[in-house]
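The following pair of complexes shares a single chain, chain A, combined with chain B in the former and chain C in the latter.
Here is the complex of A and B:
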């Protein structure tokens, strides 16, 4: 998949709207900060802070899309709003701070968490656009994530059964070279770059074995090759599906912490 | 939906019914006039062959044999006693008048969606294809709301079984009723081996249903009564087995065909390959080119399954339709549209490939098939979670199934045009309301016999273990299937809750949309 495809927005209209809104926000800041000194505590500076806080609260309500995606009609609308509003919220927060580096430890925490949450969110968007086509176009096997370990066990049993009555040479080769690799899942980050990566090299010994094997064993080796190929496809499925699930650990806890700090920030402003 | 029902009684009644279904005995069968039409030499052999599809069954007075709206796979021959046929619905109800409301989203049939071509303009498609409802099988003389009585020697249910139309009237035992239940394969075998039996069935179809069938085809809708009568007389009823060629491209076209049951592949030869152009289903027609232009067959027609056709000789039809310029105009339109489709298929073989896939996999039966685009699906399972949320925590499908290129066809009910799952439900728990897509199972009356699950050719009905225990200590199992989230205002949750728009529902009645979606 080409990088341009990943960068292409799914809903160009929403992307353009976000660009437009961002430009307007920056323009307002540019004009306003020339007219009066910018302060996060009053006037437009405060307004931007309120906008950013509300946007972050809405961002945190993303799980509320279940069960019926109200009031945005579809889960697709929800995710679009979640992504683009997240970017606008970060921008509003930066403008609220006068597009300057934060002052004090608390300010830095807020700044870093906002930036982290937004960037990991965008990383999620990239992963969600990069991985599915790689899985669909690069692999023949499609499997439910939870079932992959059981499927690997099944493949191992199949391979064991296939090798039950075979020559010593082939049996030794299977036990020493292959069985271990078939027995356990081998997740790898490498699949992110090449979903079929390492496959040819891994199959090479088996190909050589086809050359050595006697006529009646050739078919067995070929079957073994297809079992191993399937296993490697399951490795890729497992690795990439795991990444699709686990990137949320980078995003959600930070977002929760940000929300907590935001509440303290707002309460501090209200009380003092 | 669920009124209090004594399930134990329903189950007991079903089990009793199974015990009362006695495999037919050779001696008993031989004595029946039903088989007298088979030449004496072959009779013994034929009876032996069809015996496994024939059962004797008996019903107490008042018991229902067939229910209006269900689908049947058997014909019933009355051996003894009498049956009462009751027609509940007004004809207007089923012919476009007061249909139940069809909800939005994926529930809207293809032809009713904004921007869709009117059904009449669809290629060779009769009005019958817009809805699965055609009155059939019972004597036309019954007025809506009226009743008639059938006695010994009469047969009923055969048209619904052969043409896969919903049963149009309820049949109850009026007296103690002894019946011979002939399942579809047996019915076909008998038709093939006994000219007299075939004639008997054909005559009944001709008398009871053909006129209505002809009228249901948009092409013939404006014909007056005498012409329809004359068409009825001239029509030949033919059937083809799966794979059999009905017409060959390039050969002289001498007939016009109207599909009364089954699916027909329309294809053109390109080199050594047979390129699928479209398919025909109940209510569709073929052969208009021969009528309009005296052309040879521009396509080949091939039966995809057992097909029942109404064949009208070209010359007869030409004479009869001479006074109807409207029909001729429509035929021109249909022919041009079909030729355009032929051109499109040869120019873009990918479309043809999708069509072939739909025919090979049986997806052509689906009126609302869930497809998941694997190139955008993030495997988050929000579709399954959405489904579970809409069904008290119990999802009605899993994200596993056949894969075609980047598309996954999960094991979710296709809502088939002629749902075979509805054929053998002993309690009538599985239903489809007239004019709607959703085939639903009523958990209040489902007794977990598993007939529907066994009948679904795609394995899209599962038996789910419930907490409730049966008297024998085993858990009660109930049939569970996708009901398109019936009653959910937002439509099917799987589609609505997919955050990436990867889950879509398509009707394979509308191949154009299917091809656009899959491309």
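Here is the complex of A and C:
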């Protein structure tokens, strides 16, 4: 899958609408700040702050899309609104602050958390668009994330059975070089860029072994290569599916922290 | 048989893998956020508030950074009265927008109608220790004024041709020509008198001894006094007996009842003493007016000084006592407003008169009836008379003000026990604004007192909450300014002396003779000074023409010659001529992408210190 395909929005209409809204917000800020000194505490500055806060609160309700997707009807609508509204919320927060760098520790925390949450959200969008096609196009094996460890055990058992009655040379090679790799999952970030990455190099010893093996054992070595290939595909599946799931740890806790600080921010504004 | 990798899921699972719970991530995240929220709230409650501060306050505010209530009030943001605790501790209200409008327009009605602008609207803190919170966004100025320096109106002094007489006659032309004869020309001829100051970035004021004496007082004398009848003057020894003087008794010659002076010094004490005496004799009314105005100013300054005691410096009982006093003043003002409400309407007044006349008619008293008939005639005449203009011309107001001040001075002299009352009346008279009806003035007074009471109440609240007084109130400089102004006023009062009770008013020939003697006495002075009737105009040595802006010559003199702005000064014949092209000459350099042209380069929003 090419990068341009990943960057192409699934719903161009929503993307263009977000661009338009962002442009309007920036224009409003540009005009208003020329007419009146911009202040986050009053007028449009305050309005932008309220919009951003409400949008962030709405973003936090994303898990509520299940089991019923009301009021947005479908899960797809939810994710679209979640993504694009998040971007608009960050922009509104930045405009609320007058498009200026924060000046205090609390302001920096709000700024960094808002930016981090939004950027990790966009990273999630990229991962969701990049990984599934990469898995589908680059691998033969499909596996549910939760089942991968069991499948690896099955492969190991199959390999052990295959190597039960072989020559000492092949058996030693299997025990010392291969069995350990088959026994444990070997997740790698490298699969993110190439799901078949490292495969040729890993299979090279087995190919050399084919040259050494006796004629009746060549078929076993080729089967072993097939098992090892399947194991590497499971490694890729496991790595990428784990990224797809664990990515949320970057996004959601930061969003929760942001909510806590947002409450403090609003309380101090009301109180002081 | 060779093994082949299968497409799809290899084999089936024994069970459906469980789906992730919808709140799997959200619940711990909200827990994290809630934990942080709780932690911050606890830290706030125990007084550790830096974590929730939006940023560090400026250096001078650092000592109160952890005590939010020093500036903030609950649910109302930053309160002006909290700023005023240190910055305007006397409660003069000189830092608010009304003071700014009054400073700019001189119109108390406009000032009273000016919208409230919170201090924190322009001076935003929490931007770091070194932030310049006195530098204000230009946009704030543009809310009421023009947006660009290119639209700056002409300076008021040029627009209205309101150049004040400097009190001396000074033709630049003659002096520049004289310097040219000595080989001094161009910029050098200007700085010969207009010397750059070593203390400030502007020019030193002109001083007779330094700039004029070398030519105008050779050997210390500016001229002589021709013989004058001695009877009309204070004798030299009598003047010398009052204190140190700058003349010698051997400078006088007397012959056949006349006295003359062979040496007249600048500010000669004998000449000045006699000038004041003659002025008192010839123009007692003018003297009374001048003295009344000085007394009024003295009274006004005394009140300012009394009020300049910072509230923060008072203890709780004193604050409560001040609150009670203010309560009374507000009630009094409201009662007077209510009373004026009924009396200000002419038809209501006439209706009341009708009621009185009707009651008199029913009484059966012949004398009362006759008086009633007379009053009826006057009422009818009033009804038919053209409407009296609501606002007197400014000159009339000024004349009547002066009359009243003189009258109050006379009342003071006649009965010293009435001094407190006359002082109060003087203050009220000076506070009166032409065109402002009594109700408006009373409303303004009431509003001022209410604002003052709000400050007192806030201070009491803070004191009860355990907030200590500010360590230092920024008032010392202003108190000093008031004291200096008071001392100057008292010096002038002492200088002009007091009216002689029962002195005959001079008329006809006696007055003419006295005026003639006055002319002879001041002949040497009149070479430069201007005599206005029997009084000499006060000298105003090169005071700032721009009263609402600051201009310093030093940086400008580095860029251009004097005549670039003051073109034609070498041909100027009158001291009142400004010889200045106006704002256009500023705009030659102060323009976009050139020299800065922001408002704060020249203007200051807040009026300078009192008085």
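Observations
Definition applied: the second predicted complex is superposed on the first by the 272 of 272 C-alpha atoms of A that agree within 3 Å, B and C clash if a C-alpha of one lies under 4 Å from a C-alpha of the other, contacts with A are read in each partner's own complex, and residues count from 1 in each chain.
Criterion: a contact is a pair of C-beta atoms (placed from the backbone, for glycine too) under 8 Å apart; a residue touches a chain by one contact, two chains touch by 3 or more.
Since this is a predicted model, take the numbers as computed values, not measurements.
After superposition onto chain A, the partners chain B and chain C occupy separate space and fit alongside each other.
When the two structures are aligned on the shared chain, A:50 is found in touch with neither chain B nor chain C.
When the two complexes are overlaid, the chain among chain B and chain C that reaches more residues of chain A is C. Shared-chain residue A:157: touches no atom of chain B or chain C.
Within the superposed three-chain model, A:135 lies in touch with chain B and out of touch with chain C [touch as defined at top].
By the touch criterion defined above, A:123 lies against neither chain B nor chain C after alignment on the C-alpha atoms of chain A. After overlaying the two complexes on the shared chain, residue contacts for A:31 are found with neither chain B nor chain C. Judged by the touch definition given at the top, the superposed model places A:39 against chain C, while chain B stays out of reach. In the superposition on chain A, A:105 contacts chain C only, with no contact to chain B. Of note, the Cα-centre angle with chain A at its vertex and chain B and chain C at its ends comes out at 130 degrees, rounded to the nearest 10.
Of the two partner chains, both chain B and chain C are touched by A:144. With both structures placed on the common chain, the touch criterion links A:66 to chain B and to chain C. Minimum Cα-Cα distance between chain B and chain C in the superposed model: 5 Å. Taken together, the two structures place residues 66-67, 142, 144-145 of chain A in contact with chain B in one case and with chain C in the other.
On the chain A side of its complex with chain B, the touching residues are 10, 65-69, 73-76, 78-79, 128, 131-133, 135-137, 142, 144-145, 241, 244. Remark: chain A residues 33-37, 39, 41-42, 60, 63-64, 66-67, 102-107, 140-147, 150-151, 154, 219, 222-223, 226-227, 229-230, 233, 245, 248-249, 252-261, 263-264, 268, 270-272 touch chain C in the complex. Those residues of chain B lying in contact with chain A across their complex are 374-380, 382, 385-386, 389-390, 398-400, 403, 406, 408, 488, 490, 493, 496-502.
Every residue of chain C that touches chain A in the complex is listed here, in rising order: 2-11, 13, 17-18, 20, 22-23, 25-26, 28-37, 40-41, 50-56, 68, 72, 74-75, 77-78, 121, 124, 126-128, 131, 137, 139-140, 143.
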